[in-house]
Every structure is written in C-alpha cells, then in structure tokens.
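In the part that follows, the structures are each spelled out as structure tokens.
The two complexes that follow have subunit A in common; it is paired with subunit B in the first and with subunit C in the second.
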Partner chain A sequence: MFGYTMDEIGNIVVMQGFSGLSLFSVLLLMALGLAIIFGQMGVINMAHGEFMAVGAYTTVLMSKLAVKYDLVHTYFVFAIIAAFIFAFVIGYLIEFLMIRHLYHRPLDTLLATWGLSLVMQQIFRSTFGAKEVSAELPEWLLGSFQPTPDIDIPINGVFVMGLAIIVTASVYLYIYRSRGGLRIRATMQNRTMASAVGINTKKVDRMTFALGCGIAGVAGASFTTIASTGPTTGSLYIVDSFMVVVFGGATSLIGTIASAFSIAQAQSILQFFMSSSMGKVSTLLVIVMILMMRPEGLFASKLRK
Partner chain B sequence: MRESKPKLSNKLSLSTLIFLALGLTLGLGNAMAEDYPTAKVNTTGLAVTDTTVTVGILHSATGTMAISETGSIQAEKMAIAQINAAGGVLGRKIEVIQEDGASDWPTFAEKSKKLLENDKVAAVMGCWTSASRKAVLPVFEKDNGLLFYPTFYEGLEQSKNVFYTGQEATQQILAGLDWITKEKKAKTFYLIGSDYIWPRTSMKIARKHIEQYLKGKVVGEEYVALGDTQFGSVINKIKLKKPDIIYAAVVGGSNVAWFKQLNAAGLNAKKQTMLTISVTEDEVLGIGGENLEGFYSAMKYFQSLKNPNNEAFVAEFKKNYGDTAVIGDVTQAAYLGPWLWKAGVEKAGSFDVDKVVAALPGYEFKAAPEGYVKVDPNHHLWSKLRIGQWRKDGQADVVYESELIAPDPFPKGYQ
Partner chain C sequence: MKALSEKLLGGKQGAIALAILAMVLFVIFPLWLDSFRLSMLGKYVTYAFVSVSLVLLWGNGGILSLGQGIFFGLGGYCMAMFLKLEASDPVSTKIQTTPGIPDFMDWNQITALPWFWEPFKSLPLTLILILLIPTLLAFIIGFAMFKRRVGGVYFSIITQAIALILSILIVGQQGYTGGVNGITDLKTLLGWDIRTETAKYVLYYVNVCLLILSIMLARYIITSKFGMLLLAMRDKEERVRFSGYDVSDYKIFVFCVAAMISAIGGAMFTLQVGFMSPSFVGIVPSIEMVICAAVGGRMSLIGAVYGTLLVNFGKTMFSETYPELWLFLMGGLFIAVVMFFPDGLAGVYDKYSKNFKLGELLAKFNKNTVKRIGDML
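Moving on to the complex of A and B:
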C-alpha cells in the first residue's frame, strides 16, 4: 500500500496514535488551569502562559541545584511540586493586588492581565537573561521506550500523559468531591446565595485563581521536557489554551477534556496527511465553524436566560 | 553649524604640526584627529566632532527576538570598545547611541529614523530578522544612512546603504549540501523549516540544488508555524519516509521543541543524519547539548574555531561577558560590523556615507575571528562555510571547511 509494507504502516499507526494522545495531554495540561479560572470565575487570564513559564523557570532553577548536589535522578518530582507552590503563591498575590479590583469588568481584566504578562516576561528576561535555558533532565526522562525495534514511544510524552491524568483526576476530585470544591461551585453558581449561607466568596475567588495558576505552573514544569524555556515561552501556549477552553465550553471540566481530545486528534491526524501548518489551519477552521453553530462551546451548561 | 571648527584648527595649526611631527618621528601609525579636520571628513552633517563620532546600535533588547539579538549587541559594543582603546576612528572616539527595536518591526523603522535624522549617526550596527531589515531599509535609503547587518539571511537583496556581514543563502546552503551528500552518500532528503521567508527561500534553493546538481530526491518538504511546539506528526512522517538526511531550518521556541521531541522519538544522531542551518552556540543553550549531540550545523563561524584571531576574540568576549558566555555565528558577524566600518572610513579618509560605501568593496579583513573576509562589490562578504558536529557540552567540532565562497545574493538558476 503506497509503497510501504503493512508492518511499517502498522508501526506508524501506533506511533501516530500515541502522538495524538500525547498532544491531547499537553493541551489538557495547558488548558486545565485556565478552564478553572475562566470557567469558574469568568476572568480572562492573558498571563496564563507566563504562569506556565514560572513553573518552567522553577524547574530550571531546581535542576541547577540538583546538579550541584548530585540529585539529578530524583529532583524532577520535587521540581513539579515546587512549580505548583511558586505559581500558586504568585497567583494568590496577583489576585489580591490586581484581579479582585477588576471583577465584573471582563474586558478590563483582559487588558490588565495582558499587561501583567508583559511585565512578567520582562522580569524573566531581566532575571534569567534573554536567552533560552534548558533544565538538566534525569536519564529516565530521556529517549524512547521500544516495545518492538521499529516502534519508539517517547518517554517524556508518557510522562506528560501520566501527569495530565493525575492532575485532571485531582482537580476533578477537588472540585466535585471536596468541601473546598463545593464552595467554589456554590460561589460560581450564585455568589449572593453562597455569601448568604456563610461562604467567604472573596477567599474562594482567591483560592480558585491561585489554584488555576498553580496548575499552570505544573504544566510549565512538565513542558520543560518537550519544549523551550525562555522569557516568551508562555506566549507559545496562550492561544492553544484559550482555544481548548472556549471550544470545550468555558464552564465545564468534561468539556475541556473532550475539547482537548478532539482538537488533539484532529490536529495530529491532519498534520500527518497535510503539511504541518495546513493541518493546524484546517483544525482552526473546523473549530471556528463549530463555534459558529454552538457559540457556547461543546459542553455548555444549560442555563435559563 | 560647524563653521567655528576650521578656525579652531587654524589656531591650533602650530600644535597640530608639532603633534604631526611627533607622531611621524615616533612612528605612531595612529591617525590623529588633527590630520582630519572635521569639516573635511564630514561634509554631510553627521554627528562627528573633533574628538568623537557617534554610531547607533539598533537591536531588540526586549521582546521575542532579545534571545537572539543580545549576543549581537554585546559583540558590537565590544568591537567599539576595542577600536576606542586602539585610538578610535580617524582619531575620534566612537560614541554609541543604543536604541531598542523591541522585536517590533515598525519600532525598528521609527528608531532608525530617530538615529539617522535626529542623532545623525555615522553608521548603524543593527537588525537581526529579515523583517526588521526590510522595515528599516526604506529609511536608510531615503536618509542615505549606513547599516551593518549581521545575520545570515535569504539573500535576494542588495542595497547601497547596507553591508551584510553574515552569509547569504547560497553561501550557507550549497557547500554544506555538497559535503553531506558526498560524506554520507545521501540520496534522499527531508526539508523542514519554520514558516516564513528565510526557511522558505533557503529550502527553495536547497531543493533546486539537490534535484538539479546532486541528483538526489526530496522526499518531503514541511513548514511548521512559528511558535508551534508539537512535532509528533511531523516526526512520524519522517520515520515513514526514512530520509538519508534531514535538512532543517526551524527557529525560536519551535527549534527547542523540535530537537527535544526528535530525540525522545528515538531519532538521534546514531540513527539519523541531520544538517541544520538554524542552530548556533546560542540555540544550544536552550536545546541542550544531549539533544543535539552528533547532528551537524552549517555556519561560517563556530566558537571552537582554532586560529589566533578567534582565540583572542573568545578570550576577550569571556572577559567582558563572563565565562559561561557563548558565541554564535551571528555574534561573530556582528563583531565584524564596527571593524569594517572603521576600515571603510579610514580608507575613504571621510565619514561621509557615499565615500565609505565607495571605499569598502575590495577591503580584506584579516583579523576577523572567522579567519579572513573580503568585502564584495555587492556589499556581502566572501567567507568560508564550516560544518560543525555538535558535542554534548554545547560546542561543535569543525569537521569540514570550504574554500572561500563568493557571495551571490541573486543566484541564477535557483530562483
């Protein structure tokens, strides 16, 4: 078939399937934090990518320490935790200093967070230099896993996938199965009522925003294995993140997952059969058409208007 | 505006004579400002005084391109400091006005206008991307400015007001392809680049050369959107086609993702030969030496070049910018700018742009870190091409060095 043996085609199908799943987990990790912030709070956080960069830079710093103390083999797990904490704390402060003054003014938050993203980029540049840096990765994250000699499954892809599953499951459990999550959902559904029954909605907002930023930090940390770390790294992710969230329906976690999956598969398959940039363009075209028919996204929560 | 100057030098003529005599008797080769009265060396109202001359540096110190342009700024400043320490140009110290293009092309045009029209700089060292150069070109041509442009680029341009100190596409591409085809007995090629003018023009030249002269076959040609970080599908396509050589010109953040994912997918240098025209020592920092080890880059300069000029240059650079500083191809090309300008001015005996432009072609710069360059009448440089094979530590072993290659910005048969 097309001058290739069945074996070759079989191998490519396997690797291509994996590559689609890998893209899915990348998109999901990217979008999850944003989905929480945008979906639950209605805040358009243009600095989302920069919080990912916070995570990435944390990893790079941790890797420098690890090299110094000869801990390269194990540090990565701690780096991810540290990335979460750093991004969480910074998100917490940003909410306190800036975002909370801008609730109910979505366009102003858009502008303000965009400004914030520029400020953060310049801070990265002044602190870490304008050039890209790379984290020293442990051996077990490099190379590929070969079930047969002709199939290579990238280990970093498997790692990102595993992480995406863990983070998504934790977020799901937190939002739908815990007291804290209950408060978040209550505040989102009806702020006044939630406040009336004794929920400190301001605190909930701050925690939600910080949580979203923390998850962005985790995403950024894990992306050091597959992509670049530089002052403007964040801007590489922001468009894709918004695409996933908006397409999925902003208020739904399941929607975000479904949207990341369908975008990833469409893009991965189209890029295989067309050229890379044409594949991406076609995916975007399909998304635009679907959004024209379903402006609320794939999984819109049914609201009476 | 400068009418008082000749009078001043008249008054000083006695001391001038004495100085001249002293200079001659002591055998000092350095030009004294007094030998070159300002009114004579500056007939077009540039920012030249009896003791100083002002030049501009115009690069992105902020924004996306700061990653790449920082090295150029450093090299240019270092060259200027060295020239000043050696007595300046026509006895005048070089003063620098630095402007930030902020990775934004209209800003580049604005700032170049400011440098040329308000500051009246005698020359500008600047620009990095072709887009920024295209943006400032009309300004330089209208105001008759002088630009030294350091980046290797796609060619197809030649302006009276620009000297191109990097290589144009044919210099970087043809000899490299010849070498790797012969060395690896390659028949099939896969071309991949970022989706903008430089990779597209370069790949067009590469494809023509492969098909017409090397009788090879291009089994795939692919362009990825700028900033795209997902290469899974592209890598699978490459695995299916099994090319002898991957010929790559991916840039920026995508470049890092490309190498990391390629390596993770099992396509390392043991299994796959790759020649890239978009990786210098600067990029290695972000990509990581372990992901590049064994792959080849085609550049005119590598930091590891062994010659006395380069050893002095590298030592001086590290002295200025720290031991961990690395020097890529463009950084070296940027370093040539101030030196070439100085040579042009001294040959012309004038700062006037027209005279410098007329004087510079034919000039041979033998102290260049890359070894030797010559300015061609088409304003590009004669230079050699080297192939470097990357080591894990982020430096390259030079495995091939071409003859001097004439610049040919408008290659016949490749367009």
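Moving on to the complex of A and C:
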C-alpha cells in the first residue's frame, strides 16, 4: 500500500496518530468552549479563535517575563492560569458590552462577533507585530521519547493532551457536579423556570460566556507548545472547531470529544498519505456529507431547527 | 402589463429609487471618474450582485449563507477557464513543453487538458455552465439541508465549511486550477481584447445593465406571492409549514436563484478585472459580502448596492492610506451596523423619510387643533 511495508505503515499510523493527538487536544479545548457557549445560549462566537490567540499571546508574554527573571522551568503552569484569567475577563466584558444585546438574534451575533474578531486580529497585529512569535518552552517540554527505535513521540504533544484531559474533566465536573453547573443547566433547559426559582439567568449567561472564552484561552496556552502564534492563528482553527461542535452534536460533551478525536485523527493521518490540503479537504468533505445525512450530529437526539 | 412593470420596478417609490441608481451608475460615475477608478467601480458592481442575492436570501428569506463566495467564485472560474483556453492557443504557447494548454498546467507537468476543462472551449457552453454549475451545487446543498430542516446558524456554518473546502481545493490543486495565484493573463473574448480602455467601459455598462436586471428579477420575486411566503417563513416557519406549504422547496428555490445571481457577478468580475483567484472564494470574501449587504440594508435591494459600493470604496481608500486602520474600521462598522442599525443605510433613510412625513402629519394636526381652539374661543 502506497509503497510502504505493513510495518512502516504501522509506525506511520502511530506517529501520525500522536501528532493527531496534539491537534485533537487543541480542537477539543476550542470546541469545549464553543459548545458551552453555543449549547447554553445559542450564540455563535466567531471570535472564539481570537480568544485562543489571547491565551497564546499571554503565554508568550509570560515566557518573556520568565526568561528575564530566570523562571523558565516553572512559569508554564502560571501561564496557563493567566491565559485562562485573561480570556475569561475579556469574554466577560464582551458579553456585557455586546453579546447580551443580541441574544434574540442568533444570526446577528454571528456577524457581530465576526466584526469583533477582525478588530481583535488588528489589535494583535498592532501590538505584537504581524510576524509569528513563539514562547520560550521549559526544557521538560522539549524532546521526545522513543518506545521503539522507529517511533518518535514528542513530549509536548503528550503534555498538551494531558492538559486537554484535565480541562475536559474539570468542565465535566463543573457542569454536572456543582451548584454553578446546575444553574447553567437549569438556565439552558428552561430559562423562565430557572429565573422563577431565583437563578439570576443574566449572570449565568455572562459567566458561561466568560467560561467558554477562558477555556479558549487555555487552548491558546497549550497551542504555544506545538506551534508559533500569529495574529490570524485563531481564525485558522475556527471553522474546524465549529465543525467539531456541529459534528458532535452541540449539547453533548461526549459527542464533542468523539468528534474532535475523529476529525483530528482523520486529518492527521490523511495528510500523511495525501497532500496536506487534500487531507483537510477530504476530512471536511466527509463531515459535511455526514452532516447532510445526519444533521443533528453524532451524539444528539434532538432535532435541529 | 401594468401589473408586471409594477412588480419589476416595485411601485412608484421603487421605480424612482431604481432610476436614481441607474442614473448614478450610467451617467454620473462615468462622467466623474477616470477610467482607472471606473474599472474599479466595475469590480465593486460585480460584488453588488452578491449583495442583491443576499438581500433576497438573507433579508427576505432569513437564510444566512456564509458561502456566497462559492457561487461567485464558481461563476468567475468558469468564465476564467474559457478566457484562459482562448489565451493559450497553440501559437502563443509554443515555447511550452505541451503547447495549447494553460501555462500553469505546463509548469505543473500536466501534459493534457483535464476533462473538466473541455466544455470551456466553447462560449455558449461556458455561458450555460456559468449559470448551471453554481445553481446545481446550490440545489444539492439546499436539497440536502432544507429537506432535513437544517436552518439558522447550522446552515451558515455548513456553507462556510463548503466555502473553505472549495478554496483549499483550488489552492491545493495548482495544476488544474492555477493554485493560489488563480487564473491570470486573460486576454481576449472571442478575439475582442478585454484589456483596452474601451473594453473596460463597455464591460462596465454591460455589468450595470445586468445588475439592474438582477435587481428587477429579485424585486419581482420579492413582490410576488412567493416573496410574501419568504417573509412569512423567515418570521414564523412553523406556521407556514402548518398552513400546508412545503417550506423546503421555497428555500431551495430562493437559494438557487441567489446562487445564480452571484455567479453572474463572478463571471462579470473575471471579465472586468481580467483574472480570478481563490481569494474571492473562501470564508473572508464571503463574509465581507454579507457585511456589504448589511451596511446597505439587508431588506433593501437598492440599499445593498449602495452599501457594497460604499464599503468597497472605503476599503480601497483606507487600505491605500491607512492599512492598519482599515480592519478596525471594518470590524467596528460591522459591530455597529449589527447592533444599532440592523436595517443598514436603507433603514436609516427610511426612518428619516418617515419622520419627515410624520412632521407633515403633525403640522396638519396642529393646524386643526389651532383652528378648533380658535372655534372654541
């Protein structure tokens, strides 16, 4: 097949599979935030990629500080937290200034947030320059380990995946096992009833939107370990993330994970055997076809309007 | 006959607005602008086709397609393929390893014309395909989605993904499509040089004529019973369905018409500008076209045309002098239009013209009151 022996194909699949896992982790983190915002409020946030870039730029700035004060070994953990907080705060403000006025017009939020993404991209470009920047990574994130001589697994990929798993688990715990999550789910299911029993639904909306943005910030922080960041980095991932959310079924956490996994793996493995662009085209094409046959996505039973 | 003309022109007010637009495009701009700027204006007029299609589809039908660039691009590429084949006749391409095929194919070691280029050797077939391919694609997309009642934001996201797919495909398949540079060096249309100044003027006028015809077609649809149903579907889809109409058929039809109008714009773009590239197909141009329609007014066919011209003029002016400021302005403009003026320029105009009439009414009322008070005294 393709001029490789079975053994080589096995190794290629394992290695591309692992590089797919890095993509999977970033997509999963992006899609988690989107799915929360979309599932909760029906808001399509086109600026989500730019919130990811906020996280990434925060990490880059933190790494510059860390180099200055010789803290390269430990700063990354704080960078992740800072990325979350920054993106969270900006998301909170955006919800307050913009999104809350548009809840009754979902198509218009899509357009307004696109405008926002243009503005944010230009802010990045004016502040950090048009060139891509990358964070100074601590030593323990570099290098790779080799279970067999032919297989090479980069450590940063493993780290990013670990981070994605931790964040996903925390989101799960928060939404399904805490009071705050209970309020979110109550508002999502029946806004009027929720507010009748004393939940401040407007506050819940604001916190949910900010939380989704914060998770995008974490996605940005983890993104810096596998690639460098430019002003348009976020926009490269936005369509993929939307496809993950729609493909998985917007309100299902499991669906989001499964679809992020399949999309990332398909892209990564196909890109090895075809050209990079054809790999992406065929993945997206298959998703669009599946969505045409099963518009409600993989894991949702509710019919979509 | 009278009814038909009324439908095409949209009553007295519509006819006046259309006449003013025709006047501006036919007389004022050509007199005012030099040929370079006029040819630029011609480019914007081709974008206006897409805005008109969006008014029909989005303003009236409530279907937000973020993939109008697909149809614009397909129309443009069909035209470009014909012109490219004409430009690469065996005589002028004799230095290539395989004469008679487009130069980019030769650079990519392709030795025979791919099968899907064959139909574009004849102009009538090309013209048919310009209309047919985008409409057919729109039909397939629309049929698959609307029959399954996919609508709203899902439709927008999926059309956006299709726009992405198409643009990656065109960029990736350099040998068949010209890649990221697109199809360039287009010279003649049936021996008529499209690069001369006269040709640019002629093309500009053809362009404006077609645009006005498209506006009349869209207006005919909007003012007919079909247009009423579109509005009803936008506002209360379920009710229309319960009244016994098959909502999806109407949506598919309007999506196809919108695709066809956009494709005409794309084909005219290729003729006017002399090339076609994937940068007019993907996500960003598709959304920019929505911005233009939104700024002009998503409910107003004429307003959308003005909006398109204005936004694109602004874009050219600003990106020439302050490239940094432009994205701020564009983003800010978009946020502002969506949040504060959902009906765009046309909405603002309507509001003020209505206020004016309200003023007349008030004056009349005051006169009456004064008279009555006078009587009472």
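Heads up, the rule we're going with is that the second predicted complex is superposed on the first by the 285 of 305 C-alpha atoms of A that agree within 3 Å, B and C clash if a C-alpha of one lies under 4 Å from a C-alpha of the other, contacts with A are read in each partner's own complex, and residues count from 1 in each chain.
Here, a residue touches a chain if its C-beta (ideal position, glycine included) is under 8 Å from a C-beta of that chain, and two chains touch if they have at least 3 such contacts.
Predicted, not measured: the structure shown is a model, and the values here were computed from it.
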Partner chain(s) touched by A:Leu107 [first = subunit B, second = subunit C, both, neither]: second
Contacts of A:Thr256 with subunit B and subunit C, given as first, second, both or neither: neither
Which superposed partner A:Gly230 touches (first subunit B, second subunit C, both, neither): first
Contacts of A:Ser25 with subunit B and subunit C, given as first, second, both or neither: neither
Touching partner for A:Pro295 - first (subunit B), second (subunit C), both, neither: second
Which of subunit B and subunit C A:Ser134 touches, first, second, both or neither: first
Touched partner set for A:Leu142, first subunit B, second subunit C, both or neither: first
Partner chain in contact with A:Ile287 - subunit B first, subunit C second, else both or neither: second
First (subunit B), second (subunit C), both or neither touched by A:Val246: second
Residues of subunit A at both interfaces, subunit B in one complex, subunit C in the other: 122, 125, 275-277, 280
Complex interface listing, subunit A residues touching subunit C: 42, 44, 98, 101-102, 105-108, 110-112, 114-122, 125-126, 239, 242-243, 246, 275-278, 280-281, 284-285, 287-288, 291-293, 295, 303-305
Subunit A - residues contacting subunit B, complex: 4, 8, 11-12, 15-16, 18-20, 22-23, 26, 122, 125, 129-134, 136-137, 142-144, 146, 152, 154-157, 223, 225-233, 235-237, 267-269, 271-272, 275-277, 279-280
Of all residues in subunit B, those that touch subunit A in their complex: 61-64, 66-67, 69-70, 195, 222-225, 227-230, 232-237, 239-240, 252-253, 255-257, 260-261, 263-268, 282-283, 285-288, 290
Complex interface listing, subunit C residues touching subunit A: 62, 64, 141, 144-145, 148-154, 156-158, 160-162, 164-165, 168-169, 171-172, 237, 283, 287, 290-291, 294, 324, 327-328, 330-335, 338-339, 342
